[in-house]
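Below you'll find the structures, each written out as structure tokens.
Next come two complexes, and both contain subunit A; in the first it sits with subunit B, in the second with subunit C.
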Partner chain A sequence: MSGDTEGAVMAENEGKKALTRREFVVGMGGAGVGAVLGGIFVHGILLPDEIVALPASEGYLLVDTKKCAACQTCMLSCSLAHEGETSLSLSRIQVVSDPFAGYPEGPQQNQCRQCPYPACVEACPTGANHVDAANGNVRTIDASKCIGCERCIQACPFTPSRVEWNFEEKHSQKCDLCSNTPYWDQKGGPGGKQACVELCPLKAIAFTNEIPIQGDKGYFVNLRKGDATWLAFGFPDGDNAEYLSAPAAQAGEGTQ
Partner chain B sequence: MNGGYTGKILNVDLTSRKTSIIETAKYEDWGGGHGIGSAVFWDLCKDKTVSGFDPGNVVTIMTSPLSGTNAPAVAGRTEVQGIGVQGYPIEWFTRSNFGGRFSGMLKFAGWDGIAIQGKADKPVWIDMRNDDVQIRDAGDLWGLDTLETQEEIWRRVTGELNDWWSTGRGRDNGRTTQRPAVLTIGPAGERMTRVAALLHDAGNGAGQGGFGGVFGSKNLKAISVIGTGGVKVADPSALMAAREWSNKYAIAGNWDNYQPAPFGMGFHSAPGSAAAAYAPTPPIPIGPMGCMACQHNCRVRFGGGQTNGSSCLDFLFYMWDARKHGGKPTQVLQDAVDLVQRAGINTFEMEGTIIWLANLYGMGLIGRGKKIESSLPFDQIGETIFAKQLFDAIVEGKDIGKDLAQGSARAAEAWGRYDEDTASGVLPLQAWGYPQHYDARTEVEWGYGSLLGERDINEHDFNIWVYWVPTVATLSGAQPPMSAEELSELMAKKLVPYSDPMMMDYSDEGIYSESMAKLVAWHRHYTRFYKQSLAYCDWSWADFYNTYGPDHVGMTGEGEQKFFNAVTGKNITFEEGLETGRKIWNLDRAIWVLQGRHKDMEFFTEQNYQVGAVPGFTTFEAPYVVPVHENGTWSYKNVAGRKLDKGKVEEWKVKYYKLEGWDPESGCPTRETLEKLGLANVADELAAAKKLPA
Partner chain C sequence: MGTRISIAITVVVIVALGVVMAVSAAVIVPMNAGDTSRTYDVLFNSRGWLVLAAAALGLLAGAFTRRPTVRIEDGIVERHDGVAIFEHWLHVVAVLLLLGSGIALGFLFIPRLVTGAHNTGVALNLHWVGVVLFAFSGVYYATNTVLSGRLKEHLAGLEDINVGIAHYRAQLAKSEPPAEGKFYASERIAYVYMLVALGLVALTGVVKLLAYGINMPAGLMGVVTPLHDVGALLVALFLIAHVLMGAVVPWSWPELRSMVTGKLPLEYVQQHHKAWYDELMGSPARSKENQ
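So, the complex of A and B:
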């Protein structure tokens, strides 16, 4: 998937370290701006090197792959709430699992990060992919404006792209934190509920209003530590190399 | 709008390598899964008396209208039917099913199911990519184990997938990030053993019936399916609301008020409850693993990945490991389970077989220079070396494996030990050659259901509440969550239309009663429709008692049809579903009659009549504490030691036949009964075969 190298190299300061656009997008590049601008109603601000900062989303999905059972309830509920059918291909969160991989490997929970600097929004030539001020600045797509060029899909710096092609209706679509769910009778969006969060059987997806640290560390979090119910199942809460169940770890029985 | 069904079933003739489409609409009244499978089998299998190995055998692999939806504990299960090769003495038309995501992926590819006829002239696999179906050469897959086969097919279809994959170029083609769902056999199936399973992903197996061997006889190594479509839902908002509603009955909806369930099965049970206890010592990390859209996620993913997804009997068959190694499972168990799953051997058959071999060894009858000659290391039962040599012998048809590949019943016959060993219980078979699962002498609904059917029923709806919960409570000194009287009252509310509290009476009198006939009939009808046709998972449904339900009352009677109606747009009542179950049960019964079923052959093995139920002797039972109604009072009572009275069982069978509208002399459904169910054509075929009661 492209998106890694295209775009200009941004000079942070002339003669100092240069960041690629991908580094800016994936890493910390936009977080500071978003954090500063969070809550301030602006459409954008012109930064040096013509990078436009947009108001930060007021909501984000966090995941814990070590909690995920790969049941895909989130995916099927997502597509049902949004499209009225259950389809893995139309889900705006993509859980992929190798059934033979050993714990803690196996499930991947590929959620949209509602990037502070959203490459998908920037790439859209029609404004279809936009920051929705009416719904907590969530990055979303107005299907009626989408011309199907798929630039946003290509621009997403993550693999698989968090923007997906709805081949049934011929437009791009992405996570809107359930701000527009015609088939779910709940208030969604950053100020409401998200179907994947609500229905995940393991509580492996969480919602936060705070901008995560930009990078995997900010979005892939430990939702197990301190979760008494999780620990009651006998599953581990370790963060690093140690994944034994808490009681076993306390007893010092073996190591990974 | 109608939803849930894709509208088409793939019909594959392996002999001609041609495919065609069967319109689902013709069969929709059967619900899905088993109901449609039986009806399709009835229409396609011209001679229902052939061997399961015969090319004329028709195997159906069916989804449910709920497959691929977000309905809980149902969306991933797939029903398999056809003439099995495990049944004894007759290879009964039978069923099995498995979890995972195969059925969901079939639906996403646009198919409600698959019917397979004929026999390929050389090994093949079926490659389904949405509408595109290819029968491909499997010469280079033949010989691979079940894990290797799946990984190789993944590589061939999508490559090393870590991105969106498209069915073709262009914007009209569907895209997915998912791996194909593969159903495969291992070497045990290729060798056409009667103890071979179908495997899918990690640990999802359809073992009973021996369909692995049936696939092998058809030269069919695997079926792969990848789909990029969706399941149309008649009332999406109602389905979302139903899933939210059901969450109130699950841990997910009560996360901060978690209460351990009385037993590790049921809708309210904890993740990993089917497998976590089998993690080895010293411990390895484990995490939850679930089937499509499951709220329970009962299985686990192990550190290192070995035996991922295996559960329950996948491990229990070799708890000899724990017996030999200080009472706890060790790495030996992991290795044994890995071997059996890779070979594609039915673990349930191994459960009974290894008990029998251990008994024969203890009796000095098997081994080097013994009456039954074998070089297997019987003194190493409980070690990896014995498991490996046993499985190798079965797959390669060498040593005693040559006979054991035919199943323990046929092996016992070949060794001249069937009558003696099934009468003593040394060989723990219950009926039709299937190893005993739960004891017919104590938990009779399990035994009766198996006897009236064709296989070990493996349906825990009542087993949890009439056996496990009171037994475990008794062993631990705790009070069951319901008294026996409360249980009888709850079941009277749930078990419509009978609504008879005496259905819970497992006393010496109650087990032969009309009420017990009603219980068994309800169970047969409920499972045939809701669990085997709509595919509700046995590990979560029925939901009678629920830890989180209002007054601890579970969803059964309301939940099952709520999801079905939301998805399909139909508007059935719970009792209408039960009636469809009755219809399916009668069609199955008619097929068995054509195959030779008669009242005069419906007997348990002799141990059930001659030997008292001894906990721990046969499989893995604990003391048999069950609800009884004696002297006007309900209580839980240990009925260990009980034998069945053969004469009373025969009388009970007649009560049951009459309740079902079957001929009391033969046990065959009558024309009147079949016509009431809309099965006049079935009556006609029975009459033509001179099998219909006068």
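So, the complex of A and C:
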């Protein structure tokens, strides 16, 4: 007796042919091919293109390059709060320093802008890079869902990319405004504290809940205005409108 | 032989097309016209359906495949039919693509060898090529092996542990080896190992593939990804042992040749696969197809 006869799954009444195991598998395979081809047709032709609207982040980091001394404390605190180690390579905020550039172009703080239309989120094929509704719509990455394709790193329109590669755990990472800091016992996120803001010795990083006004060089930020330490050294606290904090710029302060 | 060469050329062409597709899809392009954001095509995302189609095609092809019984002609035993040879070497190509790209991308304690989005894209897309090939070859193999009733000749029993030990003890002592079947006891034990390892990789791989289209729970993905990696490591370890014992050591060379030609001398079968030889001699070889 052949295997197929033994494996007959449906013995019909006399005069009708029994369905063999092999015929059953042929049917399953044919149904599978049909389902895949049908799915492509429905998805590709009948369904309209997907349109997604993402809510704006409820928090943003502001950096004032004119106050930055490139001490990298922000980088170390970021890495320590998130990864439990002081590694410049694991920081989500990046300070780049050009010793040959004149003031104030030397040190550049490169923080995630929490973009209203985040290309990094759009580029992620698995939803790992997402808008976290539970944490004030901050743009963040779920490491367990990251497949390491680096599309989000490439998609970030800024240089250097505000999404970095975590070479130790092999996934992308980005600023989450400290909403998930396993090694820092403070409430973070848009409604809490941020390690870099708290620890910057020159107060060159600040936090705001309002969407900052953005120009070619970044946000219009002036964190020197009203800073007693800054003024005590006799440094100028105002220049042109390019470097105003968002609320000040909106109020028309400091413009020349 | 002409059919086999045609199949081999077809496989080479398909793999070459896959590689070209993988590399060209990984070219970095603007996300939208005039955009400063750049991206590339992840084939798992845009062509994931091809994996499912390949598996369904494997099911169909496996169901239509008829396996011949063992033939003995002019003192030569056909140990592997054309289907077995095709399946084996297709598995080889697919697994090498999968392991090679997987190692390049880094997993568990293995560091990532590729840097930059383009190189990462090439590795990831080559992994997709391997998955498509393996989805076909794996399902095709499983289907025709079960339907032709050949699964039992591969599966190990508890007694195979003692036979396997006796085999290598005899080899070291240069004494009479135990009577082995068509497949050595150690091969059958390795088969069970590979069923577990590949089963783990395949099941977790399916979940990882579905994650491109369905928003999977983070906890599930946090378990599935390391399990996939552990399975891949088990497969890699097997591959090293398999190549060493099946291709490098001189006493396995006749068996390696049979994985290309399908044939083994009858004297060799009598000497190394005594139980199988007795079985063949006891029941006259038939050339008619086994249903």
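Going forward, the second predicted complex is superposed on the first by the 179 of 256 C-alpha atoms of A that agree within 3 Å, B and C clash if a C-alpha of one lies under 4 Å from a C-alpha of the other, contacts with A are read in each partner's own complex, and residues count from 1 in each chain.
Note that in this section contacts are C-beta pairs under 8 Å (C-beta built on N, C-alpha and C of every residue); 3 or more make two chains touch, one makes a residue touch a chain.
Keep in mind it's a predicted model, so treat the numbers as computed, not measured.
**Student:** Applying the document's definition of touch, where does A:G148 land relative to subunit B and subunit C: first, second, both, or neither?
**Tutor:** The answer is both, since A:G148 touches subunit B and subunit C.
**Student:** Classify the contacts of A:P157 with the two partner chains as first (subunit B alone), second (subunit C alone), both, or neither.
**Tutor:** Second partner only.
**Student:** Name the contact category of A:K187: first (subunit B only), second (subunit C only), both, or neither.
**Tutor:** Neither: A:K187 stays clear of subunit B and subunit C.
**Student:** Touching A:S79 in the superposition: subunit B (first), subunit C (second), both, neither?
**Tutor:** It touches subunit B, and subunit C stays clear.
**Student:** Does the superposition put A:F167 against subunit B (first), subunit C (second), both, or neither?
**Tutor:** It touches subunit B and subunit C both.
**Student:** Which holds for A:P125: it touches subunit B only (first), subunit C only (second), both, or neither?
**Tutor:** Second partner only, subunit C.
**Student:** Tell me which of subunit B and subunit C touches more residues of subunit A.
**Tutor:** B
**Student:** A:S87 contacts which: subunit B (first), subunit C (second), both, neither?
**Tutor:** first
**Student:** Determine where on subunit A the residues touched by subunit B overlap those touched by subunit C, and list them.
**Tutor:** The answer is residues 148, 150, 167, 170 of subunit A.
**Student:** List the residues on subunit A that touch subunit B in their complex, please.
**Tutor:** Going by the criterion above, the answer is residues 1, 66-73, 76-77, 79-81, 83-90, 94, 96, 98-106, 110, 148, 150, 159-161, 164-165, 167-168, 170, 183-185, 195, 198-203, 228-229, 232-236, 238, 243-245, 248, 253-254, 256.
**Student:** Which subunit A residues qualify as touching subunit C in the complex?
**Tutor:** 2-4, 21-23, 25-26, 28-33, 35-37, 39-40, 119, 122-123, 125-127, 142, 144-145, 147-151, 153-157, 167, 170
**Student:** Residues of subunit C touching subunit A in their complex?
**Tutor:** The touching residues are 28, 31, 35-40, 42, 44-45, 49, 52-53, 55-64, 105-107, 111-112, 116-117, 120-121, 124, 143, 147-149, 208, 211-212, 215-216, 218-219, 221-222, 225, 291.
**Student:** What does subunit B use to touch subunit A in their complex?
**Tutor:** It comes out as residues 68-70, 72, 75, 100-101, 104, 108, 147, 151, 161-164, 171-179, 201-203, 228-233, 236-237, 239-241, 243-244, 247, 250-252, 255-256, 258, 260, 270-272, 276, 281-297, 300-306, 308-309.
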